[in-house]
Amino acid sequence: MKRPKPTLYDELKAAISSGMAPWPEERFDSLAVRIARWHYDEIPPFRALCEARSVDPDSMRKWRDIPAVPTEAFRRFELFAGDDPPREFRTSGTSGSKPGRALFSDQGLELMAEAIRVNARAMLLPDERATRILILAPPPEAAPHMIMAHGMEQLRREHGLAGSRFLIGSEGLDSAGLMRAFADSEREEIPLTLIGASFGFVHLFEAMAERDLSFSLAHGSRAMDAGGFKGRSREADRDELNAAFESRLGIPAERCVNLLGMTEIASQMYDNVMRDGRPAPRFKVNPPWTRTEVVDPITLDPLPPGRPGLLLHVDLANFERPIVVQSDDIGRRLENGGFEIDGRAKGAESRGCSLTIDEMLSQ
Amino acid sequence: MTKGWWLPAELRHLVDDVRPRRHATPEHGDFDVEMPCITSDALAEAARALRGRAERELQRRPIAEIVDRLDETAIRWLDPSDPHRRTAIETIPRITGHSPEMVALAIELEQRSSRGDHLLACLRSEVGDPAALDRFRSSGHLAPGGENRAFGPGLVGGVFSANIPALPHLTIMRALLVKSACLGRSSAGEPAFLPLYLRSLEEIDADLASCLGVLWWEREAETHWTSFFDETDFVVAYGGTQAERELRARMPAGLPLLFHGHRLGVSIVGVPEDAESRDDLAARLAYDATVFDQHACLSPHVVLALGSFDACAELGVDVGRQMERWREELPPRVLEPALAAALAQLRGVAEISEALGSPTRLLTPTDRSSAWTILVEDVDGLPPSPLDRFLRIVPHESINAVLERLRPARRWLQNVAIELGANEDDAAALREALARLGATRICPPGQMATPSMMWHHDGRACVGAMVRWCDREGSAP
Amino acid sequence: MTKGWWLPAELRHLVDDVRPRRHATPEHGDFDVEMPCITSDALAEAARALRGRAERELQRRPIAEIVDRLDETAIRWLDPSDPHRRTAIETIPRITGHSPEMVALAIELEQRSSRGDHLLACLRSEVGDPAALDRFRSSGHLAPGGENRAFGPGLVGGVFSANIPALPHLTIMRALLVKSACLGRSSAGEPAFLPLYLRSLEEIDADLASCLGVLWWEREAETHWTSFFDETDFVVAYGGTQAERELRARMPAGLPLLFHGHRLGVSIVGVPEDAESRDDLAARLAYDATVFDQHACLSPHVVLALGSFDACAELGVDVGRQMERWREELPPRVLEPALAAALAQLRGVAEISEALGSPTRLLTPTDRSSAWTILVEDVDGLPPSPLDRFLRIVPHESINAVLERLRPARRWLQNVAIELGANEDDAAALREALARLGATRICPPGQMATPSMMWHHDGRACVGAMVRWCDREGSAP
Amino acid sequence: MKRPKPTLYDELKAAISSGMAPWPEERFDSLAVRIARWHYDEIPPFRALCEARSVDPDSMRKWRDIPAVPTEAFRRFELFAGDDPPREFRTSGTSGSKPGRALFSDQGLELMAEAIRVNARAMLLPDERATRILILAPPPEAAPHMIMAHGMEQLRREHGLAGSRFLIGSEGLDSAGLMRAFADSEREEIPLTLIGASFGFVHLFEAMAERDLSFSLAHGSRAMDAGGFKGRSREADRDELNAAFESRLGIPAERCVNLLGMTEIASQMYDNVMRDGRPAPRFKVNPPWTRTEVVDPITLDPLPPGRPGLLLHVDLANFERPIVVQSDDIGRRLENGGFEIDGRAKGAESRGCSLTIDEMLSQ
């Protein structure tokens, strides 16, 4: 039978619900190891990886003993320890390649919801102010496999004032509706929470600049952008985006948070600025049921602060899926314990004239 | 500071100022290259001046003399004591991360095929009678009495990518072979080689070098691109799909472009049964994937092997051993973190597959270093390699299965190394099938990195395509 | 009804329907041509089918056999009793206004240079060894053991202008010479010739013809253009500047295009002193401006004469007399009102200038008909002719003055007829100067309308440019 | 001395001022011949043309005896019999070629103004209703050499309500201002007279179609478009343009007049529809001091109705410049005595691959 001892799920859920206070290292390791041992039994590719690395369940004592599963493995293997029938989310993927898949049981969805709730309250809504939430994304009905839309819908449902909604329909962004909502916020003093993909905001501000539009949104408004600028739009500087939030909408930098989220993990890492109420320093914050390490890409050894390396995430809320996930994002550890993500690595430029995967798939 | 640009002495004043551009390699840390600051007007002026110089300087020179000067330049670069060569070998690794040994080999290989006899053979192949570049020459093709005269485009604009170290002089040579000036935009990723090459050419023949220049401007500097394209008569460019799109969007209609985009090389081999033959083949397969750290458009991404998975795995072990040998002789590039991260993903998945019992065999150095990776794998499709010495070996039951795998990639197909063993009929049929499919070069394993000047790069007559003809026809009544 | 389209029998069902398109000439009144209605999807299907046919049908044929079939076709068209030829000579005048005599001459001239020996000479000039189109052939240019293999692009898309009667089969022939299918979009202005040519080819060799088609769609039919460009591998197009702009805007990046735009021909002559030589020269100058009613890219717009105004006026009188003779043998096109109106403007201004005592001499038929116009004029610049037998004769003091006048038009310069008289040194220097300036063909007066298949049209190797090469290099170790 | 007998000018001006009633053929011929004889003395190129055609002043008895001057001659020669200093208008010309020049003395301008006044009243303003005149052209200050701007300014000054103005400035068309003016007309019931180049209206309606804008202008509104579609914009059908006036602005076809005007002549020919109060048949009307003939381009013999030919204009208001002008426009005589202009001739397409003048100059 696939279901774990109820106590593990309940214990984890209770721990997450307890809030954002740091956890004792032992609690984290104990939960991590117990989940990984369960995964060893239930997720054959994970067990294969353990075997390849000569790790057996008993030898796992701390989370560092748990082999990291590469995100690429989510494309190639079914990595799921939960109940059927699962809910499936997918990575957007490069055209031509299989998408990565993240499967959730109802229980798993509930756990993710709790993680989102606790994290968002602390990092995005620390003032507990009710806002109208406008989401520059398609609604979950239109994008049932998009984990981002799922999480945003939760925020809208749980925290949004009347009029909170998704603004991307089958015809693209409802710009007119969005401009009206900006004007309403300015006039009626209803604060907004704007949520969307980073490159979507870049396009929005470009379009507003062309028409020379700007608004002064109600005090208390805030913005959360997710994802990077890579690939889909011209690379834009984070400072530039924040400056546009300020100049086009009157949202100061300390109320603009960037979010790191991935389909392959259930939790997200927010910027600290909204929580700390100041625009600098800016870094990503791990909720206590997660860890992010900056490691050497080949040896996976942790790197000292400042050195660029691969981001390795541990997310206990990923409960039914591998909890130690090796991304291909590059970032740096900061002296203060937070971390930041690098822009797209410059490497690609120097790949010679031999065909690269991206090149071939983009055709 | 190493210079990332070069203009003839009389045009250097057009560069207002210079500024350092920093390169960081995991191995060497930070290294600054001097990049030029030039206005778009000055860029246009430089272009016009170079074209004017070519009209005065190149038109009056016999093509044979121009070839001789290029030959002398190649001879210098082939001399290990040559100071410019030594500077290149010291400098380029600090910019690109390639090892000095690899840069030295690249210079060696490229300059060997830049010798005068190769250049003349290229002209004969693509232009016919090289002297038609000097004067009207009687033609064997026109009716009796007919004469041909050949001209280059005037000013060739080169847009270089940070490609193989020490290759971009090829475009300069091709321009000179049709008596045309050349103004290049160097790649920010490797701006050091061309200025050194041009300095050596200047020392040999300042008048010849005075028709050449290499500059740089930001990718987004629209007015610079406009000046550049307004003044050039023919563009030769290197880069990826995105670079091509940007370039074409900026170019005025009708300006001819020879774009060398990304390409796919593969090896097709029968797995020899005896260990000695297998080891010999493995050495050459490994060498092809090692040279230029696999960055050349000719480099193999994958070995399509005729043989069982187990035979391929044996071959893989041999190739791995040879990779280890080349690792010492030609140390690999140290990967930037993003590339290492991508490699780690591929290795991780292969590790899981293998442990799950799939037909997968991952071979890496014993220290797990990123120096090389062999992945023996019965994979779907034709996944390109992430490069930097990552070679897949894929088992096949038949030549038809090999061709079916290649078909979807036909438009990228470039170089194919073939070694089937004894059956020459099969090999001939395979060559014909590959040529039809789109391959532009076929050679034995071990020779993928050494095309001649006469090879039709991307299947095109790259020098011939730049020629404009004037024909004299008909006889006085 | 005369057909303005043609497809191989097995593809004709792709044309849903046909409708008449009306042509009106001042001479013959209204005349309907049957034009095809085809959806953009069916167009794409036709293109794919033609490419597929070429892969099966042309690749297996020796190139020599394809040349033989084209030769047979040319022989038929050279036979005055051939029914398709007779239909063309009856039909095309009712569409274009050219006289039947002129259409017959055009067919005669074009088909004479479409004979097999000319086609083979063209292949040898531009491809080298024609048999490389059949199989790998040992190359004299590569290192010993090297072999070349040549391929055409697959499907050539032809975009025709209503150009010289009976010329567009040239693109069809060039495509077949590289074993490629060809799908053309005919010009609404002259859609009749190609269907007739393809019918004659079908009668000779239906399999060969099954790789060819000619259709038509509206200039604004964007989805048709998209289908067309998506399915073709190489485009050959004819037309003016505006047509080129539109075409390039519609074409996807990277699809190769050989665009034959508008061009300028001129004659450069010394005015002979003795009347007999002058008359002989005049006959040939008049012939050049008469053939194709001056519509060819090779036709002369102007005679740049070395001599006084008075000498030029004498020459002009002689040329006028010869024009009158050609008017009888090769009756001119009857002008549409708009062209006649433009001619009347030019004549009127010349009449005033001449009456004011400017160095201008207007010569027209005694009945003032629009059949031909000679304008001897010391004019500024290089005003192009309005065509249809309108020839300027402009006096010059020196060859340098001639070159200075041509310089601003260098990018349009195509064909130059030269006859300076005795001084061969001057002629050689002039040929060299013109070739440098941009001329692509130099011939004696009287031969401007008869280029060979080996002439580099627009200075380009039009067949060679379509070839993709695969080279076999290196020897087994 | 260049001035003619005062009686000729005064007689002509009085005749023009007398209105649109047809003139006896004798009056027309008498004035034409007297002007041409004066031109013979004062305009050397005209005299040269007469000599080339063996025409002397005494042999001219009817206007048909007067040699026609090609419009091209306005580029090449000075054709002016009036007083200095002249006012100069220019044809737009093809780039690279010299513009055609039309010179006017003060007296000549006065005569043209009278011709414009009498003609416009009859053909554009037959209802004598005051309208707000909006002109889609640059004002005369910005285009001092544009004869069209000069004439339009006269209409604005003499017939326009407050708010009448030119709408093309240094930044191009003031679209926003124009849309406001349309809205005002709709709301305040002030009829508009829209005047502009035909291709300018084509662009306007394209832009309005993109934004799906339409207005119902006040009753009594009308439009006058001048010039054709050739060259500058895609060829558009007259019917299509009239349909757009109706659907985008609510101006019915019988209130849309096209105007034939040329720099080389002082008078214009309007469509009949506004005068006749019905949309069909539509043809051009010659004011009584002008004639337009459709002739064979080479022989200049008049052609029967329906046959396309060259338009040859006789314009007595051209007083100081040649009065018989041979254009290169193609048109047809109608059975009812009016004439119409053909679209651009199809000839250009079949010119082969030899370079044409237009091609070369457009580079």
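Think of it as A, B, C and D in the order they're written, each chain with its own count starting at 1.
In this section, a residue touches a chain if its C-beta (ideal position, glycine included) is under 8 Å from a C-beta of that chain, and two chains touch if they have at least 3 such contacts.
Remember, it's a predicted structure, so these values are computed and weren't measured experimentally.
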item: Target chain D, source chain A, minimum contact steps; value: 3
item: Interchain centroid distance [CA atoms averaged], chain B/chain C, Å; value: 39
item: Separation of chain A from chain C, taking each centre as the mean of its C-alpha atoms, in whole Å; value: 64
item: Shared-contact residues (touching 2 or more other chains) in chain C; value: none
item: Of all residues in chain A, the ones touching two or more other chains; value: none
item: Category of the chain touch graph - line, ring, star, complete, other; value: line
item: Chain B - residues contacting chain C, complex; value: 59, 121-122, 124-125, 128, 135-136, 139, 141-143, 146, 149, 151, 244-245, 248-249, 253-254, 259, 280, 284, 419, 428, 431-432, 434-436, 438-444, 446-447, 450-452, 454-456, 459-461, 464-465, 467-477
item: Touching residues (chain side chain C, partner chain D) in the complex; value: 96-97, 161-164, 187-190, 238-242, 260-265, 292-297, 299, 301, 335-346, 348-349, 351-356, 368-370, 383-387, 409, 411-412
item: Interfacial residue positions of chain D with respect to chain C in the complex; value: 44-45, 48-49, 51-53, 68-73, 76-77, 296-300, 308-310, 326-330, 344-357, 359-360, 362-363
